[in-house]
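Each of the next two complexes has chain A plus one other chain: chain B in the first, chain C in the second.
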Partner chain A sequence: MTTRHERIGALWTAALSPGAWVIALLAIGSGIAVLAMPVRDEPGLEVWIFAFEHGQMYEPVADEWTAETGTEVNVRVFGIPALARRVMGGFFSGIETADLIECERQMVGPMFAGPVESVGFTDLTERIEAEGLMGRINAPSFTPWMSRGRVFGLPHDVHPVLLGYRSDIVEAAGIDMSEIETWDDFQRVLRPLMADTDGDGRPDRYLLSFWENHLENLEVLLLQGGGSMFDMDGVCTLGSERNAEILAEVLSWCMGDDRFCTEINEWSNAGHMQTIEGYAIGYLMPDWMCGIWMRQMPQLEGTVKLMPLPAFEPGGRRTSVRGGSMMGIPKTTDQPDVAWELIRELYLSRDVARELYESNGIISPVTELWDDPMYDEPSAFFSGQAVGRAYIGEAPNVPPRPASPYYRSAQLRLQDAAVITGERARAAGMSTPEEILPLAREALADAQASIERQMARNVFIGEDE
Partner chain B sequence: MHDRKTQRVFGVATHLALVPLAIVTLIPFVWLVLAAFKTPEDFSGSLFLPRDDSGAIDLTRLTWMNFVSLFRDVGLGRAMLNSIFLSSMTAVLATLCAAAGGYALARFRFFGRNAMTLLVLGAIIIPPPLLLAPSYQLLFNLHLLDTFTGLILPAIAPAFGIFLFRQATRQSVPESLIEAARIDGASEVGIFVSIVLPLVRPMIGAFMLLTFLMVWNNFIGPQVVLQTAERYPLSVAVAQMRGLYRQDYGLLMAGTLVSILPVAGLFLLLQREFIQGLTSGAVKG
Partner chain C sequence: MARAPTNANKAAYLFLAPFLVVFAVFTLYPLVLSGVLAVQQTHGPDHARFVGLDNFIGLATDPLFHKALGNTIIYTLGSLLIQLPLALGLAMLLNQPSLRGRWFYRLIFFSPQLMGLVFVAMLAALVFEKRAGLLNQALQWALDGWLDPETAFPWMAVLDGVTWLDFPWLQSFVMPALILVSLWMYIGYNMVYFLAALQSIDKSLVEACAVDGAGPVTRFFAVTVPSIRPVASFVVLLSLIGSLQLFELPYILLDQTAGPQNRGLTIVMYLYQSGFEAGDLGYASAIGWVLALMLVALALGQVFIMRREER
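Let's turn to the complex of A and B:
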């Protein structure tokens, strides 16, 4: 005679297979463990950021600020896609987000899509002007965070781009880099380094790591040469003659038997190995890339140097810009003044600027901090050069990057135009800028038309003008 | 005799063809395992095994430091516990709810049953990312953002599971058996627990494992719903290790390895049960 409990036990044994039992026991065990480890509930100012490196920099400053003001600061780090989804979801539906949000450049475009008064971030223009911050922060650094003349965030960085090159290879060949002023000089002076040592008919080394499908570097060169995707009024300028000229020029670097560019992946193990082996001599290096190189390829210590980018024509711009982030105050916060105080503390702080540079090689956009001696310290990795000073030297010259809700789309259309033009030119056996120019014009005009069609559907843009 | 020989030759030929494919499939995994044991310097300097200055393979350069750092500095232990909790709890609750729902749709006669079945079928074809925004707003209104409940609750009645158990019930649970139990005075809950569940047992094992794997690998849901780092499951915690200015690939690969090993182990342990469940009813007797 079996008891009721035995019958129930037998039933469950029959109902659940060993696998199901394992999972059920895991649920019970982990449930008890999770309950036994409660999560802290933290009141205070909520700050959402996208880079844990920034969190590490802000932590000591925020702790000090908390000690002074008594307001707790909770910094939460999200991946860029997660942060973008939350922020956009919050802005569109009116759901509360955080008291402060740090955004990367790629994220902010869609946030400026509606009427200017409906942008989810608080308009900081008056605060910035009242405190004279326009004069204290590198002027071009504001442009990505402006929409229709209003500023919605305080810039975190400048990110000028210089040319990083393998000084060991160049100097061993007796080449003097000071002879280089333009991209034409660059190819002429360094051309002897493109030797075919294994006799397979192809060079074993190229002069520049760049390829037409590299979206960010394409934009870097476009901006350097005076091209743009939008003007300061938000009008799409992808199809401009200057853009076509630059595109034709940089595509010619990747064409024909005389091409001097090659593609090296910046983020992969294989790409790092090619860089270490000296497969390319020159690299387009924003300041943040220096920190990455130092950590990922310590073998290169003492073999790399920096110099201003060669210009597209004599006397032309010797730098460009890549990447960037800002911090803004969502309109849903109930303590905007406290949030503003914290932004000022984090972004104008000398301690944070120091940490930003020492840990990641990034220079501060706050011009009054540029006299800090740390920027003059020689870097062993960069063959004793004062890296910070080199970047600061070009920081005021970084090109402006007007923000647009269509920025990302324009960037992708630019890439399409470059790839289409490149393929057509190759098929037709073209390799000089003059030959490629008509094709570039046509592809960029198509790209501009595509963006304009998208923009024409946005009724709010016309409304504000 | 001739047939056995042909069979053997065919078997050898099949294996000869499959071994290179298996190697190609395993190469990325081998790369991942080796990368997890390398220093950042060796990660950039060698593709597989680390080499010394002369270029010879140097196994002494392999290190445990990435794993030590993972649990000591990054705190991946808590994330692993969260993953186990979320996956197992969701698997248990989803299986229970889906089995009950499937049984109801298969064996109960009520107004709107066909419409309900169609609704469940319709829900299967809605891509989950489409529900992300409305789910987020709903969870916000219910004050369930940044809670485990906010992740478990929407997952406990999956349309796919309900439909799966409806089919399993129709195939494995004879209506006459349920009628007999009712005549004997069994309650509806009693019938479900004592008759239906044991009869759909292969499906329970398979569906539990399937749900466990799906929740374990779920990245977007926890990434959007959870805010507090202490609540992150492994999928999010490992992704958070990717820096903006620095990538410690060795640490990242160690984190990836740690996040796939438990679930791979569980799957290998229960694979027979899993296949049995999915193929039960494939051949109708």
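Let's turn to the complex of A and C:
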């Protein structure tokens, strides 16, 4: 049996063994190496963006700007979730992020959840007003980046939505699309295309790629029809009667024997195959989707055309909006004026606007650039149509989307309401808007109550008013 | 009067110091802070309000939290009641000396574990896709003409007029889809534990039982089950903890959402959504504490049951 003294000796021997020394030396050495490592501090402006294509557009302009001003520009591209986590992490902990950040619409909601002075982006309202940019940029484009009347970013785009349709199929059937003004016209005029020629008891194709669980397209149609999720004061309006009417209407498109919609995954290869095969005739197409179609489905060249969305009633709105991004200046930057100069260069430049359109099909929100002849050039992909002009024609009519910290939650609750209404309607054998309307009202009222419950928990809301 | 530390204690503390420092900085300190956050509402580093137990009260009345809890329990039950018995069955099958190529089958069943969960989720999203997905294509090929979804599930109105090609796995059958994927992913993993336990059973006990005239079922309940009980308890606890922490699989499978009607919402996903998508760190901390308490309760329950059985 060992004595206490021997046990202590053994412990100290172990502590002073060569192994212990190697570990200790490694720890000390690596610690010193990490401390001695220079902090990466690149000169100039750090810009974080989420789209590789945007980086390609900005590079030549930034190089030119660097040559003129002597300020370097370091552009870093992140995926949207990665960028959102970095920005949120920086804003919530008060640590430095970048000098300029380009944000996608769904990222910004939580940033506006606290007192207005706690928003991580610099308030650009005075700068924008002083330079008259409110009048130079399409007005609805500002709304997603505003909170409590203050503007926190310069808009990058408009993103109007038009109806893309398979002109080859439609024209082969001798159908005249100019007869279509409303969604009722749309289904009436195109209905012959839903014939069952292969005898399997189902239509060979459907008229519109839309389904009740498609969150973004639900919002597109809701906004087009005059619905909304929040008013300009930030009050949740999900349960409004207009929303219920639109929801009942669009759900009826997916129900019963007369349904004319189908679900096509707009991002997968399988979905692209269905689009190429003409499984659906019409698609809700924001301008950015044109660029994606041209890159990912070049086989469709010459078989697609665009037209304004059919309205919900004669004389109604013929467009909507989907997506959007902005560039803002985090409060932690020590060069806000230089950063502002770069935003102006990137977002108001004619060269960038041209690149934006030619590479991605996206029209600029700067109205004074809309007279550029490039927007009138015929597109071979879209059967010779002047695609840019078609989108610009509807750009001023894009519905506003008031920002709210709860916008994303409201989108999800809208989707829930649509799905549950759809299921209840199917279970009850309902298929007309009139039958579905009470169910839609009930589901949307629940959705609104859910958002209001969430908002009621926020102790910061109302403090600035 | 406090006793002065002995040299032996000093040496022990010296050895423990690296772990204790790391534990204090990276576990204990964040844990205390999350406890503080759970009774606050914050926005950024400079705006915090003490809200007492409001976050916990909010959770108690939050239908989304209830939904997340319900989904997590369904998934957990699916894991325990379907996955573990199948894993045990598979282990017993692959423990048969007469089965040729056992090593190959063991490798095959274990191999999904070699893939990352994120990759599995992305793969599963393709498998469950409507029309082009492998599973729906297979169902259509196998069942078209003699059984349609409407007939198979007459109580599901959502399937009215739907073909197998359009079977809405990721729209209406999210939890079954998740259980299927995790079955594929984890059955081999759990099988390995059971296999190890089965191989450690004293063969003389089984033989003695057989000599006494016991059939396979009696032998299973009289010898096999008691022998593998410690390992089975461990596997049950692991599955419980893993199931309650479910997040990546549904999050990626459902394209970074909880799916229609929050059918794929789990407790950890709700925590993530609240903290990192809605920016409500206090509420997220409260969810984290509730989950932690549930896990502690389950672990204590497990220990209690084990001790009682040992007695």
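In the analysis below, the second predicted complex is superposed on the first by the 424 of 465 C-alpha atoms of A that agree within 3 Å, B and C clash if a C-alpha of one lies under 4 Å from a C-alpha of the other, contacts with A are read in each partner's own complex, and residues count from 1 in each chain.
Going forward, a residue touches a chain if its C-beta (ideal position, glycine included) is under 8 Å from a C-beta of that chain, and two chains touch if they have at least 3 such contacts.
On a predicted model such as this, the values are computed, not experimentally measured, just so you know.
In the superposition on chain A, contact is made by A:458 with chain C only, not with chain B. Within the superposed three-chain model, A:423 lies in touch with chain C and out of touch with chain B [touch as defined at top].
By the document's definition of touching, both partners, chain B and chain C, reach A:273. Within the superposed three-chain model, A:213 lies in touch with chain C and out of touch with chain B [touch as defined at top].
Of the two partner chains, neither chain B nor chain C is touched by A:389. By the touch criterion defined above, A:408 reaches chain C but does not reach chain B. Of the two partner chains, chain B is the only one that A:33 touches; chain C does not reach it. In the superposition on chain A, A:118 contacts chain C only, with no contact to chain B. In the superposition on chain A, A:22 makes contact with chain B only, not with chain C.
Contacts of chain A with chain B, set against its contacts with chain C after fitting on chain A, overlap at residues 11, 15, 81, 85, 93, 269-270, 273.
Looking at the complex, you find that chain A touches chain B at residues 11, 14-20, 22-24, 26-27, 30-31, 33-34, 37, 39-40, 50-54, 76-79, 81-82, 85-86, 89, 93, 95-96, 104, 267, 269-270, 272-273, 276, 288, 291-292, 295-299, 359-362.
Residue ranges on chain A touching chain C, taken from their complex, read 4, 7-8, 11-12, 15, 81, 84-85, 88, 91-94, 109-111, 113-115, 118, 120, 202, 213, 215, 263, 265, 268-271, 273-274, 405-406, 408-409, 412, 415-416, 419-420, 422-423, 426-427, 450, 453-454, 457-460.
Remark: chain C residues 6-8, 11-12, 14-15, 41-47, 49, 51, 54, 58, 62-64, 126, 129-133, 157-158, 160, 163, 166, 171-172, 256-258, 260-262, 276-281, 283 touch chain A in the complex. Residues 35, 40-41, 43-45, 47, 78, 81-82, 84-85, 87-89, 91-92, 95, 132-133, 136-137, 140, 148, 193-194, 197-198, 201-202, 204-205, 208-209, 212, 223-224, 227-231, 236, 239-240, 242-249, 266, 269-270, 273-274 of chain B are the ones touching chain A in the complex.
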